[in-house]
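One chain, subunit A, links the two complexes that follow: it is found with subunit B in the first and with subunit C in the second.
Up next, the complex of A and B:
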């Protein structure tokens, strides 16, 4: 391997890693606030790419129908639980957030679609359509078992991923998509060609991580999310509702996953089931960071991207084997480094 | 004086075992009421049920409203606050952020800075350490932060669970002085303590809880001279 090739592989790896980093940060966010290891994040990323591709092809994406069905289900479950708790005064609020708002988003996307909007608007529409999915899934699937063990939540999360892959096939079909590049710009740096898409991926990852940092450090809502992550009982005693914090975390996480889906779509062909590998590699990155640290997760994810890039150069067939084998020594090292990790997670 | 908070025939169970049986107590507006009793009598359980972290049978009334079915968060929004025995601070976050989060339940944000200044003037130590992570504070400072954080919510009833636990005698005295001074703010207080003498010296009214039942109650100044209590809890002085 010459230094030229190494540089190309490194840049490629950083770009892929930046995409994983966005999903990994989302994974850490959800885990710390709700204790759910949200495996379907990769699916959310893949669905965003498929949504954007459908919008590009001037078709209304299957995401719309998915959101409508999930909104209907979530509303039904929320109404039943409110009626059983005799909290009738909360019904209008539930109808607004679980039914009216998601339906309004789908309606708005449908109307805007007819005007054949430019790429920038289509990007926004794709993100708008994708963000309600995870919070609605949270209401339907995770809220009823919110007090369960981490293992139970993880098992359900894996099952949910398989359900989503099935729904993905139903709503998007088996064809793979590759969207048009967001930019045709490219530049040369130290003799290595860097595409605008690669730069965009890295910049987007940096900007979104930066925005998240500002949100956590400078807003009361951001701090309330951190508080929920640090001490659930303590935050409830401050009047912070874990369910609401969870919804905000899912919204933010979906946005991160959605952005990563948009960024990866012009570079890789995305299928309805491509999300699993994205999610899993982001998860490996998050594990490297200990599942609780955002910078740790981001660095871990970029490391995974670089490793994957070099591994695919050595042996394309074995690249995933190499990446996932990495988990074993890291988990051993983590379990030795932190003897109390299990109690922390179970807390 | 109107009634701020009351429990009527409250029973609390852990896995079908009754930890607290038919307890009734009340706190009048502006009053400091203490529940004393030995370890394991059910004092903490009582406060956990009052804030909604544990389910209870019986009636819980706060400012004339039945709050028995309300969530913890709804009770906090009505300004019923608990400083738990474990403090439950946000250890990774700064002192200032902990205090700010104390005000989370307040819809009207205009007075938050003023309340923060008041808390800092009440606990100058917290101001000195405002940028420090809560987890790095000493035991006394942590209790001050827990109290300060609860005050940020402008509580109408403040429930304190063993505020003197694990603290040096000098700091215990300081904490009780602070509790007594909260009366001037118009805060009603329900104080649960093992340190019966300090609690009765601070309180207006006291209840004695033994194995889940109220066995005695009366004005604190009478209880402090009660012969049985002196032998059992007040160290015979």
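Up next, the complex of A and C:
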């Protein structure tokens, strides 16, 4: 391997890693606020790419139908639980957030679609369509078992991923997509060609991590999310609703996953089931950060990207084997580094 | 319902299974074969996840290793499938042992995540190794032959599959009811509990993990020779989740639940494949996995316990006989009364900048009751944890019965003769009183894996049962030995912990705040019990802050304050000591 090749591989790896980093940060966000290890974030990223591709082809994406179905289901569950708790005055609010808002988003997207909007608007539309999915899934799947163990939540999360893969095939079909590059700009740095797309990916990752940092440190909502992460009961006593904090976390997380999906779509062909590997590799990165640290997760995800890039140069068939085998030493290091209090598994 | 009835039901089930091929259609037989093959993995998971509390997403990888191993031996190299069995089982168990040694020290969800990692890595390997046919798989695998009879049709291999399942269930239930099985069932109580019983928690986890992998390898061997063709698909991550689902649906922790879960999931999948096309034409393939995952999620939301435990609630309870008298278990040589038993010399323990225990020295002599007392934050619990090995001291030395135990792991200290109880009671709520106390005898007995599974240990088991009953009677809980420990009130739970500690035949009994949370009557009963133990020449160390309880009971008191030893002496002297009064009451006017 010459230094030229190494440089190309490194840049390639950093770009892939930056995409993983966005998903990884979302994963950490959800885990700290809700204790759910949300494996399906990779699916959200893949769905965004597929949505954008459909919009580019002037077709209305299947995401719309998916959101409508999920909104209907979530509304039904919310209404039933409110009626059972005899909280009738909360019904209009529930109808607004779980039914009217998602439907309005889909309707808006549908109307805008007919005007054949430019690329920038299509990007916004794709993100708009994708962001309601995770919060709605949270209401349907995770809210009823919010107090379960991390392991139960993890098992449910894995099952949910498989459901989403099936839904993905149903709503997007088996064809892979590759969207047009967002920019055709490219530059040469120290003798190595760097595409504008690569730079865009890295810049987007930096910008979004920065925004998240500002959100957490300088807004009240951000602080309430951090409080929920530290102690659910304590923050509840301070008037913070963990469920609402969870919804915000899912919204933010899916926004990041959506951006990563948009960024990866011009570089890699995305299929309905591409999300699993994106999600898992992001997740390896998140574990490097101990599932709690955002910079740690970002660094870990970039590390995974670089490793994958070099591994695929050595043996493209075994690159995934290498990446996932590496997770084990990382887990051991994390487990030794974090002093656990005795964790009991209750039956 | 008596034991005989259970045996009759089991025999009836075996007869039904044996006659099934005469009645069922070939398709149903094939379905039954799949159920049997999946059951083996699910039984392993019931043991690993349900009993041991280790959630594994990666069992499909073990099935795959064995299937590919036997295919390589028989289809590619032309040897007998039986050689394939040996190779597959040995290879799988070796891989599992290596993975286990590396990962089983991980905590909680880190451990489960590592199973996702190696499950995926091994799964990817099958499709990418040149010698194993890559994604095309390996075809023309020969059938298993017994003598000259080749088990080529599905109704022939049926008997082998279900014979193995029946055998595994029989041995599995035997194992769970043995010394090692009880240790496995204690794993969910946490490492500190398990180690305090003199059990090496890591070793038990490793054994459980390898057993689960062994069952998966049997399943893989049968699968390869039944379907006669293998490809990476059936061993990927998705299948790993499905196995987990089977064991959870059937009822994690119940071996029979593994079989029931495998049957339900397989039949459900089959009927989903049958009926979905009627509802949604053309989209059935996609909807199948959606419907399936949705059902699993609903199941986890509403019925986490699983089906077998749910049904078992409505079955009549099995009546059990009180254990008959049996020869006693060997006892350890007890120290002579008055001899120096425990010596703590200059113990110091820091947490960062905080010195929780600072240069504390005291001695315990055989046959006395010594109390370590002090106000909140005095360092009592830290001192206690250092004594039992849950924490290490930074400086100083602890000598027990002439042997330094300063650097020893918890389970070795427990085996050496220090038995403890817990401030926050750590019992196994779903095990009976008798079984909880039997856990205490672990270090005094020696039955291993095979002796337990094949019941070659009847004499020791009888002695253990009798010993446990004796200890229950000694503390006054002997009237209902088969009650579940979780049904006892707190006071009796503490007393049960003492019985469990006594079953270890300790030289020193250390009690961590035994009176905390007890009502007055319960405290009096506890004090009465401890006095009777002293009259049996047992040495007792109590860490406590209930002064009234301590004063009337103990021989000597060591007072800690802010991590240092304040004073030491007889109860009366301590009561009148001004420094103690100041520490507790904030000075005397």
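One rule holds for everything that comes next: the second predicted complex is superposed on the first by the 339 of 347 C-alpha atoms of A that agree within 3 Å, B and C clash if a C-alpha of one lies under 4 Å from a C-alpha of the other, contacts with A are read in each partner's own complex, and residues count from 1 in each chain.
Heads up, the rule we're going with is that a residue touches a chain if its C-beta (ideal position, glycine included) is under 8 Å from a C-beta of that chain, and two chains touch if they have at least 3 such contacts.
Owing to the predicted nature of the structure, the values given are computational and were not obtained by experimental measurement.
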item	value
Three-chain arrangement built on subunit A, subunit B and subunit C clash or fit	fit
Subunit B versus subunit C as contact partner of A:69, first or second or both or neither	neither
First (subunit B), second (subunit C), both or neither touched by A:240	first
Subunit B versus subunit C as contact partner of A:231, first or second or both or neither	first
Which superposed partner A:317 touches (first subunit B, second subunit C, both, neither)	second
Touching partner for A:154 - first (subunit B), second (subunit C), both, neither	second
Which superposed partner A:144 touches (first subunit B, second subunit C, both, neither)	second
Touching partner for A:170 - first (subunit B), second (subunit C), both, neither	second
Between subunit B and subunit C, more extensive residue contact with subunit A	C
Subunit B versus subunit C as contact partner of A:280, first or second or both or neither	second
Shortest CA-CA distance in Å separating subunit B from subunit C in the superposed model	5
Footprint overlap on subunit A, where subunit B in one structure and subunit C in the other make contact	none
Complex interface listing, subunit A residues touching subunit C	37, 141, 144-145, 148, 150-152, 154-156, 158-160, 162-163, 165-167, 169-170, 280, 284, 287, 317-318, 320-321, 324-325, 327-328, 331-332, 334-335, 340, 342-347
Footprint of subunit A on subunit C - complex, ascending	53, 55, 57, 102-103, 105-110, 112-114, 116-118, 120-121, 124-125, 128, 188-192, 238, 241, 244-245, 248, 253, 283, 285-290, 292-294, 296-297, 300-301, 304, 429-430
Contact set on subunit B toward subunit A in their complex	51, 53, 69, 71-73, 76-77, 81-82, 84, 88-93, 97, 100-102, 104-105, 149, 153
Parts of subunit A lying in touch with subunit B, wherever the complex brings them together	85-86, 220, 223-224, 226-227, 230-231, 233-241
